[in-house]
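Common to both upcoming complexes is subunit A, partnered first by subunit B, then by subunit C.
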Partner chain A sequence: MVFSSSTFLMAFLPLTLLLYYGVGVALTKNVTVKNCILLCASLVFYAWGEPVYILLMLLSILFNFAAGRVIDDARDSGRDKAATAQFVLAVFFNLGVLGFFKYADFLVDNVNGIFGAHIPPLELPLPIGISFYTFQILSYIIDLYTGKIRVQKNLLSFALYISLFPQLIAGPIVKYRDIEEQLVGRKESWSKYSYGMTRFVVGLAKKLMLANTLGAVYSGIQATDVGTLSALTAWTGIACYTLQIYFDFSGYSDMAIGLGSMFGFRFNENFNYPYIATSITDFWRRWHISLSSWFRDYVYIPLGGNRRKTPRVIFNLLVVWLLTGLWHGAAWNFVLWGVFYGVLLIFEKYVLGDRLERIPSPVRHLLTMLLVMCGWVLFSAPDLTGALLYLKAMFGGAAGWTDGNGAYLLSTNLAVLLVGAFCATPVYRRILDRFDQKWVSRAKVVAYPLLFALCVVFMVSETYNPFLYFRF
Partner chain B sequence: MADKTRQKQNTKTLRREDRLWVFRAALIVTLMVVLLSVGSLIAKDREYSANENRYLTGRPALSLSSLTSGKFMEDAEAYLSDQFLGRDLLVRTRAGVDRFVGKREVNGVYVGKDHFLFEKPSTWDDARMTRTLNTINLVTAKSGDIRSYMAIAPNATELLKDYLPTGAPVTNQTQQISAIYKNLPHVQCVDLVTPLKAVKDPTTLYYRTDHHWTAAAAEVAFREIAAAMGLVPDAVAYQTMPVTNSFRGTMASSSGIFKASDTISITVPEKEQTLVVTYVNEDKKTSTLFDASKLKEKSQYDVFFGGNFAEVRIDTGAESDRVLLVMKDSYANCAIPMMTPFFKTIVLVDPRYYNDNLPDTIAKEGVTDLLWFYNVNTFLNDTSIGDKLG
Partner chain C sequence: MSRKLYPLLEVLCVAALIAFITFLVLSRSGGTEKPVGDVASPVLATLEKGQMTEQSNADAAKAFGFDLSKAEGLVYYENEDIMDVSELLIVKLNDAEDAESFRTAVETYIANQKNLYKNYAPEQYALLEDSILDVSGNTLFYCTAKNADALYDAFRTAL
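Showing the complex of A and B:
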């Protein structure tokens, strides 16, 4: 189920809230009941989109719950080797499942391509959210093995941690240690509820009003022959995509954080205005924070982080960014996208170093955005060749610099692009700060409901689907 | 010191007040959610949407197989969004919002000036066109001394350029038509673009809310075609009558913009003929080219012949030995009524629905003239000529 659907908004959310607050909070005041309701809701939520793969997730939950207990028992009774063996097994199991469903066909493709083999691809659909929940599970197993957390002995709490519906499908990737206490000790409050609901509305608006609108422009451009794109069209397209992916993803995180808050949870922030970054290093401190911090904690630091000699640190960085790229998708353009960032970060760290600071910050900002946008070309292209051709078009190599089509696309979408660019920066906060805060607060009572009403308009109108049998 | 304490106190009050307003906002949003879901639940389900011209999804049936296949979930989403409270109003609001922010394109429809809605023009696909044109040449070669003609009508985007959204990308249909004509050496091709461009008020040539041309445009085309065929249309007196002024066509439906409505007129010979119209596959006979019942339906353009059929034969009783076969799309429908005084029989074939053998039909009817009559957009997209006649 997706948050921006009628099913979620009109049926799932109100029912879950009613049960949670009615039965869980008001009637029984019992955390087990509350967790049971949330777990059931989460399983329904997952099964809605994946009626079969829910079994895979349940299996994963049971296996890892048991693995945690075994590691802990072995550790307690001083059998360190047994603990290590179980730990390695669990890591391999989880990566194996992820690898099988996400990367098997990529491997098959490449083996076939390189060796001329004819292994048939599996063509399995990717289980929704598997990249996210696998990383959550790994954070538990690794932290448990390294002694940072205590074992979870309650299956209900463990299952809830893995399947909690707000962040199940697209993050943020919540580390077990950040949420351990909240699984049983969280407190709901009206202020958390209202913060959550308004945050959810903001996320919904980002997704429905900005991301989808901008996305439609870009997919239109993507559908046209890349050889006919003028530079103007290509830049308009990638500008739309740049904003689309931010609003899509950060909107989802807003909704997740908001929904979490409505049920008394507090998740860490996942985005911090990435498009105001003044360097690539800065960008990755602001973009998908939960993923980069996961790779930092569970790959980069275990490899020795930056406390080793320079060549080793460079190697570590490249490994991390290769994996980051691969995590985003099983295709070479994602790998290249990851390595592209790895190389840029190494360049900033070892070549530019302090000199970066001497460049005026507007220039740094501009350069960062140019690189990020080129990165999105790699990321969004159907394949590597497509990406290179698109880049060529951006620099006038396909159909010149401007044409009527580009002018039309830019002029008819300019307003949305400008609104998007404005909302992607914290400028609006500075503007609001200039007003009397009393009135800013009061305006919220109109603004949020209005925004929600617009979301409904956008959501329903997207399903407008006239049947044109008399088309001919 | 006292200042600082007061300031702190102030911030605290402000923050508390802010929380109160946010709480109220969240409460209103919650109420809106409840209202929408309960409202949609209580409201009687609509069966049919006139705007969308389709039956809306009803309550989905729950079964084990529909659950495991995920069909139930899909149907539930379709049901909830189809039966959403105030759906038509929401769709209309969206069209308004889109135009407000400068969008000029909704669902593949250009929202032009003076209420004109345009179908985005089709593009030329080399493989498809080669196939279509080869097939037509083949049919021409096989039909011996039958005279072959072709008339391709341009679409509104070509003739109403001033009414398009500024800068909207369109194709050059004049060029596309000449490219088609160039590839048909043994077919007599009729230029419709030049006479249509010469019409003083081009807004009379196309509907604002539909992708078809009007009877006025069809008359201009008819006179050109007639001249090419050696007919004398001036020998016949014609009359034009409006049959409806509430027409909202495909472009209105596609875009969800229902601001304007069009008038459909028909142009017919003043002197009535006794016609026998046979719908060959439907085994139906009537005495008129028009189906007035369609005027009460959404697709009012179907007033001509009641829509598109595989094969329609019109026996006109006219004093002529010529038998005309028209291979056509729906653009031809409003021009055909002007042709009845000149042919003993007119056979209309729409290759999209036609599954018989064309040489058989030609032989059986004793065809003397063959006219390919299309509009550019349909012709460029058509695969049925290559699929079925080759």
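Showing the complex of A and C:
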């Protein structure tokens, strides 16, 4: 089920809220009842689109719950080797499941390509959200093994942590330690609920009004023979995609955080205006924060982080970014995308160093955005060849620098590009901060319902349009 | 639950996972014993009114270059507007071993369609990019349509 669908907005969400607040909060005031309602709703939410793969998620929940108990039991009784063996088994299980469903055909394709073999691909559909919930499970298993958290003895709470529908299929990746207490001790309030609603509407508007509109422009350009693209057309297309992916993914995160807040949870932020970044390092502190921090905590730091000698730190960074690329998809363009960022970060850290700070901020911002946009070409292309041909077109190597089609596309989409660029910065917040906050609050009372009504108009006039990050 | 039962639960989960994956892989390559009309019926019910009209087996053979003697039965629908690429094809083969040659024929057809529509009908091209082609044992499914996902779901359920 998609947040930006009428089934979710008109049936699933109202019914879940009614049950949660009517039965869970008002009638029983019992956290077990509230969690039961949320778990059932989450399973229905997942099963709506994945009637078969819900079994896979339930097996993962049961296995990891049991593994957690066994690790804890072994450590409590001083059997450290047994705890380590269980930990390795659990990590192997989770990565094995993820690897099988996400990377098996990639491996088969490459083996066939290299050795001329004819192994038939499995062609199994990717279980939606598997990359996200596997990383959540791993955060629990790793933190439990390293003694940072206590074992979860309640299967209901554990199942809810894995399957909680607001962030189940496209994040943010919530670490167990960040939500452990909220699973049993959260408090709902009107302020949390109203904040959640407004945050949800903002996310919905980002997705339906901006991301989908910009995405339609890029899809049209992608459908054109790349050999006929002028540089102007190619840059217009990738500018649209740059904004589309931000509004699509940050919109989803806004909706997830908003929904969480409506049910009394507090999820960490996943974005912080990434397109105002003045370096690649800065960009990755602002983009998909939950994934970056996951890799930092569970891969980079265990590898030694930046406390080792330079060659080892470079190796660590390359490993992390190779894995980041692979996490996004089983294709070479994603691998290259990850390595591209790894190399850029190493360059910033060891070649530019302090000199980066001496470059004027607008120049740094411009360079960062150019590199990020080149990165999105690798990310959005159907394959590596397509990406390289598109990059060639961006630098005039396909059909020259400009043409009538490029000028037409830019002029007809300039307004939405400018609105998108404006909304991707915190400028509007700063403008609002200058006004009397009493009036701003009153204006919001009118603005948010209007924005929601507009979203509904966009929603009913559009065909099915899932979030870009669903495929990860 | 007793502490000693957790390792057993782990083993059961792993066993269930292996069974689940085996089922998934086998069901992907299993095909069906049902007549093609029974498989197609729920798929056709998912078609929107006026979206496509039924075409003859000979039309399918002409469009895709099929050898009809290898097919037990087929269902072929298309939108008759030349500027609309929407199509639905379900073929049940006499022998699953012929599936690869039918798949290749449809892949060639899709590639030709893409070349035709690429530069002057981007929306139609985008539909072709998202077309679904799947072979399940002895049955081939191909669909280009804006609701291709829903039609494919109906097909998978019908098998």
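What we mean here is this: the second predicted complex is superposed on the first by the 462 of 472 C-alpha atoms of A that agree within 3 Å, B and C clash if a C-alpha of one lies under 4 Å from a C-alpha of the other, contacts with A are read in each partner's own complex, and residues count from 1 in each chain.
Throughout what follows, a residue touches a chain if its C-beta (ideal position, glycine included) is under 8 Å from a C-beta of that chain, and two chains touch if they have at least 3 such contacts.
Please read all numbers here as calculations on a predicted model, not as lab measurements.
Trainee: Look at A:Val97 in the shared chain and tell me whether it touches subunit B only, subunit C only, both, or neither; answer first, second, both or neither.
Mentor: In the superposed model, A:Val97 contacts subunit C only, not subunit B.
Trainee: Have a look at where A:Lys187 lands relative to subunit B and subunit C in the superposition and call it first, second, both or neither.
Mentor: neither
Trainee: Identify the partner contact of A:Arg429: answer first if only subunit B is touched, second if only subunit C is, both if each is, neither if none is.
Mentor: neither
Trainee: According to the stated criteria, A:Val52 is in contact with first (subunit B), second (subunit C), both, or neither; which is it?
Mentor: So A:Val52 meets both subunit B and subunit C here.
Trainee: Classify the contacts of A:Ser219 with the two partner chains as first (subunit B alone), second (subunit C alone), both, or neither.
Mentor: Only subunit C; A:Ser219 stays clear of subunit B.
Trainee: Touching A:Arg307, do we find subunit B (first), subunit C (second), both, or neither?
Mentor: It touches nothing on subunit B or subunit C.
Trainee: Looking at A:Arg442 after the superposition, I want to know if it touches subunit B, subunit C, both of them or none. Which is it: first, second, both, neither?
Mentor: first
Trainee: Which partner chains sit in contact with A:Lys29 here, subunit B, subunit C, both or neither? Use first/second/both/neither.
Mentor: Neither: A:Lys29 stays clear of subunit B and subunit C.
Trainee: Among the partners subunit B and subunit C, which is in contact with a greater number of residues of subunit A?
Mentor: B
Trainee: Where on subunit A do the contacts from subunit B and from subunit C line up?
Mentor: In subunit A, residues 52, 463-464 are touched by subunit B and also by subunit C.
Trainee: Please give the residue numbers of subunit C that touch subunit A in the complex, ascending.
Mentor: 3, 6-7, 9-10, 13-14, 16-17, 20-21, 24-25, 28, 118-119, 122-123, 125-126, 129, 134, 146-147, 149
Trainee: For the complex, which residues does subunit B have touching subunit A?
Mentor: Where subunit B meets subunit A, its residues are 14, 17-30, 32-34, 36-37, 40, 51-54, 67-70, 73, 76-78, 80-82, 84, 87, 90-91, 93-95, 97, 101-105, 107, 165-169, 250, 253-254, 256, 298-299, 301-302, 307-308, 329-330, 352, 378.
Trainee: Which subunit A residues qualify as touching subunit B in the complex?
Mentor: 1, 5-7, 9-11, 13-14, 17, 48-49, 51-52, 190-191, 193-198, 201, 404-405, 407-408, 411-416, 419, 437-438, 440-442, 444-449, 452-454, 456-461, 463-472
Trainee: Provide the residue numbers of subunit A that touch subunit C in the complex, in ascending order.
Mentor: Per the stated touch rule, the residues are 52, 55-56, 59, 62-63, 66-67, 69-70, 73, 89, 93, 97, 100, 122-124, 219-220, 222-225, 228, 463-464.
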